[in-house]
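Chain lettering (A, B and C) follows the sequence in which the chains are written, and residue indices restart at 1 in each chain.
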Amino acid sequence: MKTFRALVWRDILIGMRASGGAALAAAFFALIIVLAPLGLGPDAGTLRAAGPGLFWIAALLATLLGLERVLQPDAEDGTLDLLRLSPLPLELVALAKIAAHWLTSGFIISLLAPLLAPLLSLDTPAIPILAASLLLGTPGLSAIGTAAAALGTSVQRGGMVLAILVLPLNIPFLIFGASAVSAAQANEDPTQALIFLTAASLIALVVGPIAAAAALRLNED
Amino acid sequence: MQQFANPQRFVRIAKMLTPWLLGATALLLVTGLYLALFVAPPDYQQGDAARIMYVHVPAAWMSLFIYACMAVSSAVAFIWKHPLADVAAKASAPIGCVFTALALITGSLWGQPMWGTWWVWDARLTSVLILFFLYLGYIVLWSVIDEPTRAARAARILALVGAINIPIIKFSVDWWNTLHQGSSVFRMDGPTITSSMLAPLLVMAAGYNVFYVTFLLIRMRTEVSQRRLRTIRLGLEPVPA
Amino acid sequence: MRLIAEGLAAVRGERVVFQNINFDVASGQALVLHGPNGSGKTTLLRVIAGLLGMLAGRMRVIDKDGAVLTDEARDQSLHFVGHQDAIRPQLRVMETLQFHANLLGAPTKNVDAAIATWGLEPLAELSGGLLSAGQRRRVSLARLSLQRRPLWLLDEPLVALDTPTRARLNDICSKHLAQGGLIVAASHEPFLGDRRTMTLGYQE
């Protein structure tokens, strides 16, 4: 447990200190939201209708951003060897990586989203649902992304490849997340969408570490 | 090396079967197309345009079936480390991808006269489109890892994760579609199927299946030969006389 | 403790880098691997550490009671210092060593001792990105002193080290052997007086 915490903390430290760091994901997320009205026009009705989807697409893309740094540098500088020799099971190593990635991307985005909501004319009752949907869904995005990043340690220059692997698998999060916010805007009950979103996230948090550990063991022989 | 003994027997058997399978593919596809285009009655609502269904529906079946085969081969490779299982999964992917593309293109061609538009966000079309991207990701992963044994292992994991995800994606897309029912007026499975329509459909499906098996064997043979060539080049195996 | 290898063979990529490697290293002994580039020295060290699988052969680590260690127990009784130094530019030397101590399951107080042993006091607060090649090497060798472990696997330990540090490394290794430790090292240069060497070469 101590090793687990140490690993999470180290990754967060590196994430914060690396050029741009956690601010990068947040800034990228905010920028997509700011760009949207410039592309769609400033009409409040259009923005309000497109808002939930735009927020979730921005979240998908912003969580993609830091994935290359999750495991690739560890594989290159030998830290991965030390992790494999440590008593911490690789599944928990992967879970620590997921936690650190989420804390420096999805979590920050979830806190930022309510502040950006007025830019897309989101209805006030939908704003807490937006934050809740991001809080519940983005851990799943980090889990799937980390599994792909583990596969990516076998790939040189894996950046764009990661995107192609990850985005189709993230579609359920986009659908359930955006639907929850839309439902709240239409004065409907978002509970069902939020439950499905949470379920998808939980499944990803189980499958993700297992797949990531299997991918890290690839280097074995 | 011992592990190549088995693949070589496979190559011999596959070589023997190939001409027969090619013949069967041609026969089934020609018969199926003849039945579909000339024997089956035109649809009372859609007219002759509905005949595209005989190409489209089995292709959509194949797209899912081949992904399932890929996932099963990957699981076999994962558990029993059988060298041919990886080869089978790798060889399946482009064939499945082509069937998926065929399903998408024929779906779009069918949609144009029926709905007056090339694309609707129908639940099935959307799912098949996502499946197409899953195939692409799998093929890309194989192509970006230089070392075949390592690529094989990474691809196994991706195929299995994809297989776990497909039902979730399918469910989410179906759910999404019921939320926005206004946009899908027509259903892709078309009118109810009568027996005169069922025969050509099944013959076409059989033709596609034999086509898959034929080209799977051909591609696997190529792959096995390429791997052998590689080991010979690396000096692990003597040059055959 | 004893490390026994019988008929080891390994592939890298799809090339057999070595085969039929046999050795037996007991407590207090060091084995230095020589051989040209690409002869498989690093691969052999990684196989011993369990980081790479082997194509053929058997490798056992036997404790002083004669029992064969499980893979997990073996991982817990070895130090592996490869030529990748596991140092991140964003972390200070102190933070790096604390993290490594955590991975080894060593108490944090050992970090100060390791820093003293390797003369790293002036570097402790520097971030990894500012270190020279020799300093990075020293930080990564300091892992050896974070926790007592009998089997040391060292890959080119002398590279980039200055003369005083080489002497320091030599002292630390000799002390480790005197206390009953085992060392298997790969080196292009003579190391530890080359008490016992094995030369790997291209097969066939």
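Here, a residue touches a chain if its C-beta (ideal position, glycine included) is under 8 Å from a C-beta of that chain, and two chains touch if they have at least 3 such contacts.
These numbers were taken from a predicted model, which means no experiment stands behind them.
> Average the C-alpha coordinates of each chain, average all protein C-alpha coordinates together, and give the chain whose average is closest to the overall one.
Chain closest to the assembly's C-alpha mean: A.
> Quick one: which chain's Cα centre is the longest way from subunit A's?
Greatest centre separation from subunit A goes to chain C.
> In whole angstrom, how far does the Cα centroid of subunit B sit from the Cα centroid of subunit C?
Spacing between the chain centres: roughly 49 Å.
> Measure off the straight-line distance from the CA centroid of subunit A to the CA centroid of subunit C, and report it in whole Å.
Inter-chain centre distance comes to 37 Å.
> Between subunit A and subunit B, what distance separates the C-alpha centroids? Give it in angstrom.
31
> Considering only the defined contacts, which subunit C positions touch subunit A in the complex?
Those residues of subunit C that touch subunit A are 49-54, 72, 75-76, 78, 80, 82-88, 90-91, 95, 98-100, 102-105.
> In their complex, what parts of subunit B are in touch with subunit A?
On the subunit B side, the touching residues are 130, 133-134, 136-137, 140-141, 144-146, 150-151, 153-154, 157-158, 160-162, 164-165, 168-169, 171-173, 175-176, 179.
> Per the contact definition, I'd like the list of subunit A residues that touch subunit C in the complex.
2-3, 6-7, 10, 13-14, 17-18, 73, 76-79, 81-88, 219-221
> Give every residue of subunit A touching subunit B within the complex, in rising order.
Contacts found on subunit A: 147, 151, 154-156, 158, 161, 164-165, 167-169, 171-172, 175-176, 179, 196, 200, 203, 207, 211, 214-215, 218.
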